[in-house]
């Protein structure tokens, strides 16, 4: 019974947190709330804009609808579209209109995981404690509406191509995989970059939401730590969780999320539709993300644009 | 009573529609569904990317929250943020997480009006009839998830500066106002551009939602027709409706919406936070919009990014 | 393509409706909107109250939650419970509070089907046409908030007991089944009664929502017509749809709903938890239903009370 | 800033709770979760049924809609009604249907306040601590779906009539008011009763939601304690909060809610439409409440029925 042990649990948690190595404050300062977005700069923006050569644009967001595969059994999406005018149109110009309402979880479809999404022992990026910033109607800190526009160089790592085809569920992407892809493509990763990984998962599990969600290839802990060490702003993939599933250590849960979000302030971009970019060998591009700014949101449904 | 006259009304509507001058098919072809987005091109993207010189980025979306002023009395926004893990954290790595759910109208805050939003006599852009494409859970055509990324040159028309200060509610922006702003700024409007208008309304009515919604300065019919004739893809402003309110002709309702959306397939971008761009005299920039792609959505809460 | 044939379809519908035998106006008058609730009367209430002898009460509603089996893939239930006070309690008396929000379909769990729920060719009880009374935010007529309290004699027909055990899916309950149950129990059905049927389905499919929804025993067309002819106000059962599934004629859809709701104005009470009543041989009782009155609602989640 | 003082606050709360006089465990036993509903009994039901003499029924719930006055600025109600069948009807019997979805707070309109709604220092009825039973998707204890049907004698106290007209906002109803009303009416209050108070507020503020919510006449602390001491199961009124507003002691918040819900396990019934009962001098009646059973709900929109 959780009731009985609640206080004991809190004590245990406090001790565990104390025993933990110091993973905060953040290297971006003890008051920082935007994490690796600090690595963005005007100089990087200018340089990234120079990558635009063909004028092709790529919508990296998938369409989110009622049938979108969604994490957990609770996440769902419902849209209500309706006529705003019934009967007689408005005015002599006979205006009619439609409107729409959403009842949706934000963690569905293509999404930005903000720094308030996943933590360690109720502590999130830079030492933010859940009880201090979690409120029923919006986070008081670390919410996705506070993330500045992410405009920078994007690098696509085509791991699927490197490995000769779509990766199988459970395949952990390592530091050496990343290095090999970088080498093959000739696209070194730089501080401030957004890195997107093409695993082939989204395309290969199309139409099979159960298989899509049950496992996935993705970043292993080593690969995640490596990318964080390079100073990337965000890591995305064509899978629902970016990290490998089942987890490398079956006793752990979402260790890659912890490494990226909690320990390093690196954002996650899930369900990124990078297949078309990979098909065009678009390994380097201008990446632009302007996420909808819902006050206090933990996550955000997004549609970043790659431009090359 | 609407009951009694419903059939008579339908007959009247049919006659009115027949009497109407032919405003469709669209110049982009009888099967077109994306309107002025057809004016985008790779060449325009390449050229627009060259406008990036300072590396400054601007988040054009305002934050949408429970207190955001909203059109009509029905539109509202609610967010629910919650702990995903209660009690004992997950795994030996002690993962905890938060999640969020939205119950919100899409036509709130910074928004993209899709071509299915406003029509004439139940007929929308390119002759799409409401009964054919309006369904309770998503439009069958003209929805915002089908709009390609809008990546192009953005032009800010600082009408507030031109006129010596924030415009008053009810001020209609005319063709000659637009020409004067273009002349003052040295930024001719070109086919494929996105035009954003700075009226000063958003800033001057900050904290007074009632006044903000009751009226607004904005495009008049002549100004709207002029912009459409230039081939712009979208028109935005720092007001909730882009168009002047009260309407120029008090017997009409949303005539500018009709001119732009229905007759010309030009998108509307409402509640654009262009104040900072105006302060920097950022009259020309790379405009990037990747709207969240909710299947069948009439509108979309957005956060376009201006880069210069 | 629905687009192309929409007009043809409307014409076909109009013809079909014209060819249909005259099933309206209602016997309760051409302006009637409450159907068989007209059969209620003060005299019936007084008489029904006299059935209370043991003082036992039965909650006929099941609990509706996120895991409740629900018709179709769209119907769902979500509840959000939250602290209203965070941090410091209110006042010197240190008040704290909790609140809750629902995002739910009404047609889930124990439900009242109103007369606006199911019709024939877009025509509902007493000739109400869908286009006249269906509005996006509430029916203009036939909504469940307009149904008066249903206080009357309740009769439980224990068909499961009659047949020697829970009925199998697809078992149609006929007029003779009803007559036999009435005979066995000694409870003739009278005008103004609410009739509840115990099939055993709810209990026998407990924990197997898929099987629960795929089929069900229930009223056949003959049985439904017979009950309607007796003047009952409502018919309920311990199944999600009251009527037999698969339908007796595989080319038809919900014919029993049509007979009861559309043709006779008899209400449906779905997912009624009548097992405990049956166990107590509570075949006759005072039935009281006060449904929550949501303006314009098609259906209503209910919890009628049987008292004996 | 709440962030900074959160820990200090928790310490302060702990001390305050320790200093508090012992108001739990409940007189109904240390494990009790239903409070004064324990005072119900079959004998009381049988006796209450004998009060039915005229056969008149009264729907005590008001209709809840988008315009219903609601506590706080967050509580709201939205309903979405829609065609389930578009285009071609189903089957040879041409079935069509409508459906509805609610996005609503439960604490709106006529409502049952459950014992998990209001507490003292995060402690609720019978010592239940918020952190132990409050979960994001339903209370683990004290939820309204667990309340048994409330079937008992109802007593209407017509305080408005006693005082010669609708009470003004801020009028506290005292023990002697209750005694005088009981005396005038000849309806002593007994253990197990539901007491409803007619103040005239609902009718007198009709059409003025702002005035309706800003204050209200209602039970004072003395009156509430008196009713609790008599063993009543629930107390309702024709006002949104049952208790007097402004509070008798301006430094307190919802003391009557605390007395009834937290200290005595007595339920609150808000926005009860008792005007018609009062008009008929229906001071004694059979009261029946079967609330919709939403799993884990804090409150419930209800429509109790009075029968006399």
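Going in written order, the chains are labelled A, B, C and D, and every chain counts its residues from 1.
In this section, a residue touches a chain if its C-beta (ideal position, glycine included) is under 8 Å from a C-beta of that chain, and two chains touch if they have at least 3 such contacts.
Quantities reported herein were computed from a predicted structural model and do not represent experimental measurements.
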{"item": "If a chain touches subunit B and subunit D alike, it appears here", "value": "A, C"}
{"item": "Co-neighbours of subunit C and subunit B - touch as defined", "value": "A, D"}
{"item": "Chain copies touching (subunit C, subunit D) - same or different residues, decided at half shared", "value": "same"}
{"item": "Centre-to-centre distance between subunit D and subunit C (centres being mean Cα positions), rounded to whole Å", "value": "27"}
{"item": "Distance between chain centroids, defined by C-alpha means - subunit A, subunit D (Å)", "value": "44"}
{"item": "Subunit D: positions in contact with at least two other chains", "value": "2, 6, 66, 74, 78, 80, 82-83, 86, 101, 103, 135-137"}
{"item": "Touching residues on subunit D, where the partner in the complex is subunit C", "value": "2, 5-6, 9, 13, 16, 41-46, 49-50, 52-66, 74-75, 77-83, 86-107, 109-110, 116-122, 130, 134-139, 145, 148-149, 151, 247, 249, 251-255, 257-258, 286, 288-305, 307"}
{"item": "Residue numbers on subunit D that touch subunit B, as the complex places them", "value": "66, 73-74, 76, 78, 80, 82-83, 86, 103, 135-137"}
{"item": "Subunit C-facing residues of subunit B, complex", "value": "2-3, 6, 74, 78, 80, 82, 101, 103, 129, 131-133, 137, 140"}
